[in-house]
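Each of the next two complexes has chain A plus one more chain, namely chain B in the first and chain C in the second.
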Partner chain A sequence: MILKRIKGELIFLLSVWKLNLSSAMEYRASFLIQVFMMVINNAIYFVFWLLFFDQFEQVGGWALHDMFLLFAIVTTGFGIAFMLFGNGTRLSSSIEEGQMDYYLALPRNVQLYALASRSSVGAIGDIMFGVSMFILAGHYTIQAILLWMLCSLFVASIIVSYVSILSSTAFWIGRASILTEQGTNALLTFSMYPTKIFEGLGYFLIFTIIPAGFISVVPVEIISEINVSKLVMLGFVTIILLVISIIMFNRGLRKYESGNMLNINL
Partner chain B sequence: MPNVWKKIDKYLAVTRVSIKNVFAYVREMAYRSTFMIVILFVFIKLWGVAFADHQSIAGITYEQTLWYLVVTEAIIMSKISIGNVISREVISGSLAYTLGRPYNYLLYHFFNGFGESIIRLAINVIAGSTLVFLFVGPPAVELWVVFPVMITILFAIIIDFLITAMISFLAFFTEEVSGFFFVYQKILFILGGLLIPIDFFPEWLQEFSGLLPFQLILYAPAKLFINFSVETFNYIILQQFLWMFALGVTLGILFLLGKRRLSVNGG
Partner chain C sequence: MTKEFSLKKKKKGLRGSIQSILKPSYQTIKAVKGINFQVKQGEMLGFIGPNGSGKSTTIKMLSGILTPSEGELQVLGTNPVTQRRKLTRHIGTVYGQKSQLWYHIPPIDTFYLFSKIYEIEENAFKKQLDKLVELFQLENILNVAARKLSLGQRMKCEIAASLLHQPKLVFLDEPTIGLDIIAKQQIREALLEMNRSEGTTVMLTSHDVGDIESLCDRVIVINQGEMVFDDHIDQLKRRFIHHKVVEIGFTKPTVVNSLPPDVDIIYADQMNLKLKVKHGISQLMEHLMVQYSVADLNINEPSMEEVIRSIYQESSQEEVKNA
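Right, the complex of A and B next:
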């Protein structure tokens, strides 16, 4: 029974993703420009690190090749997260404005449908950039490639769960858009720097309320050290965040108040 | 002469109204300044480790680097965000109606955006300065230096406005300009000196940045703040005037050419 339900949800998700992709591809030129611009965006940002490591050979034990690996993981993870669940960034405003009726109208998992109902086109550019960073990082063993793929999936799950947790606070506090926006920005910002620079409060923050350490330094160490025990730990953290996000969303949904919007997504 | 004052007063009234509007959302704006705190916290840590073995780099100390970043980050987060409004008006054709109103189109948008810009600048400077002050103490500058630096920031905001308006007016010719805004923003990150002082660049890149107006928007005011001299101030002001003139003339030509191509999407 449960397996049948999971299969049903997966088939539904696949058709939502297919629809999202075909609607994005309808305007082919705009699609390509958005993907290209995201690649340029990430590349220009990486110029900062090229200039930085031109001055300093290493910082906190991290060298340029570690930054290649860090960017390979973080951008691929963010890319997968927002290509598949791109509506995460708008979830809090949908809850605030009582626009969840769209997703309640179908007999499907509301949280999954709400998160997957939009794909970010730029996220495809993130994935492309992440792949090229991984090639430049120079980890050409089968184990490293498999670990990178697995870590990217874990990272994507952590990001989606975190965004969903922040958005779900809207069920209780009302206006949570700024919290979600600032929280997601903080997660991204903290994860794009060598984590070893943080100590004390900073270190505590990135392994608790802003789980940036789990999407940056932990996967980098898993791949560069081929460390399976850390991989298991990362998997465990991913499941915990996923479970918290599901519990929070479902508890919050009971408090949801409709904005009486008459439109229904068909 | 009274006519000129009347005109100036008209635009100042636009700024006053804009400031009043902003105060309705000032709490939201303060919440958004948390990003300023996050990014500066990361920079405090990053540059702290990087400067661990250096007294100074290219003549700039750790403390100066952080105060430099307070100024660049505060400016970038307080720019007049009018690009999308203007380009939308051009694309939809509603510009035709706006042009008939009794004000100069560009001056109106500048003074309207300027009100919001100065409030955001104040909030971000307070947030950033408080954090950096707690970590490294006050900047090693005399208080009066703030006034000439504010003048360069004002001109920096004008230069940025002129470039943003030019990109918006490209919509007369291309219809889609979001990509150009995107690239401009990223150019400011590096060639503007947002993330790293231009003095830390390799020499060839420093020279290249010096030929462009982007360093006058972020780098020049920030560098002036941490290392003030009257000669540098005069040089920056001269450069900013020259670029404002060049960009202003180009913008005027672009606007005249574009207006001929304006098509009104009726309805």
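Right, the complex of A and C next:
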């Protein structure tokens, strides 16, 4: 019964993702520009670290090859998260503006469909950049490749759960778009630095309210050390965040107040 | 069932904004006040009322979108609050102001997505799609991006999308808003056909009297969250209208100086006169025949549009009185 339901949800999600891609590809030039610009954007950011490590050999025990791995994980994770669940960034405004009616009127999981109903085209560029970073990182063993793929999926799940948790606060506080935007930016920013530079409160924050540590240093160590126990821990954290996001969304949905705004599916 | 909303009250200006942050005050608004009704299978029910009367809120509660504050409701044997997914498999919803179609891609792609959403078996889907394409005359627009469709074409696709899974009950919230006469007529005919061939129950809200008159047998009028009428459409006139319209044509240019009491002039020129008569039709006729040279005389019931306008006017006057 549960397996049948999961299969049904996956078939449905696959159809939504295909439709998102078709919708994005309707504008060929815009599609290609967005993908290309995201790759360039990431590359420019990484140039900073190339220049930095040209001057200093290590920072907090991290060398350039660790930064390659860090970017391979974070950008692939963000890419997967927003390519498959790109509406996460708009979820809070949909709740604020009472635009969840469309999802509620259909026999589907509201949270899943609401998150998956849009794909970020730029996210494809993130994935392309992440894959190239992994190639440059030089971990060419089967174990490392499998761990990178698995970690990227965990990282994507953590990001989507975190965005959903922040967005769900809109059910209670009424307006959470800015909180979601700032929270997502903070998660991205904190995860793009060698995590070992953080100490004290900073270190506490990146493993609690801004779980950047779980999408940066933890997966980097899992892959570079082939550390299975940390992988299990990461899986556990992912499940906890997923469960919190599901509980918060469904609790919040009971408080949902519809609206009369015009809406269209882009 | 009843639905209450809590609204934050704010005084005007910056001072009001600061006060509302430091000491917010809330007001409870009852959007729907204990309405109670049943709908039979296969019935076509019109749900009418002025803007803000609670029509959409009621439909949203019935379709599992909103949770009622009080009361019980059962739709197709399910509780919309606790069994939303089960219920939504068997209902269709169309909101005239909210689109289900994906804007950048053709309707056919959205239809295929809907077949996955409702888990419709391939053959059954194709059969139903063919039927709806013929019924709503969609063959030429199926592969055109939704953004390029006219409002009428888009709305026909919206309704077709909501009927793909052969729902037992369809909620239509102002489905003909802004459409031309031909598009309205096509939609009405298609809905009647679905009702005839598949026994689909339809609950319709509309400000277009034509929709109500041509589709619905029964009408519920809701006003300020309360049900003020629930009966056959013919009874609506009897209940709310207590006057007749008399049209008179004169044989020569005439100036009408005097009329009996309880008679109001709707329109007058030298050759024609249109009157609203509350009482004493025979008295009026006698007066006209004696005083003027009448060529033609017609006594009419007011149109349904006038009936509904009078209900809405009554409600807005009450609102002003209450305020």
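Simple rule for what comes next: the second predicted complex is superposed on the first by the 260 of 266 C-alpha atoms of A that agree within 3 Å, B and C clash if a C-alpha of one lies under 4 Å from a C-alpha of the other, contacts with A are read in each partner's own complex, and residues count from 1 in each chain.
In this text, a contact is a pair of C-beta atoms (placed from the backbone, for glycine too) under 8 Å apart; a residue touches a chain by one contact, two chains touch by 3 or more.
Computed from a predicted model, the values in this text were never measured in an experiment.
Once the two complexes are overlaid on the shared chain, A:Ile142 sits clear of chain B and of chain C alike. Shared-chain residue A:Met1: touches no atom of chain B or chain C.
When both complexes are overlaid on chain A, the residue A:Ser15 reaches chain C alone and has no touch with chain B. Legend: residue contacts after superposition of the two complexes on their common chain; A:Ser258 is shown touching chain C, with no touch to chain B. When both complexes are overlaid on chain A, the residue A:Ser23 reaches chain C alone and has no touch with chain B. Within the complex, the chain B residues that touch chain A are 28, 31-32, 34-35, 38-39, 41-42, 45-46, 48-50, 57, 176, 179, 182-183, 186-187, 189-190, 195-196, 200-202, 205. Residues of chain A that touch chain B in their complex: 30, 33, 37, 40-41, 44-45, 47-48, 51-52, 54-56, 59-60, 178, 181-182, 185-186, 189-190, 193-194, 196-198, 202.
Every residue of chain C that touches chain A in the complex is listed here, in rising order: 5, 56-57, 60, 63-67, 84-86, 88-89, 91, 93, 95, 97-105, 109-110, 112-113, 116-119, 145. Within the complex formed with chain C, the residues of chain A that make contact are 8, 11-12, 15-16, 19, 22-23, 26-27, 99-102, 104-108, 254, 256-258, 260, 262-266.
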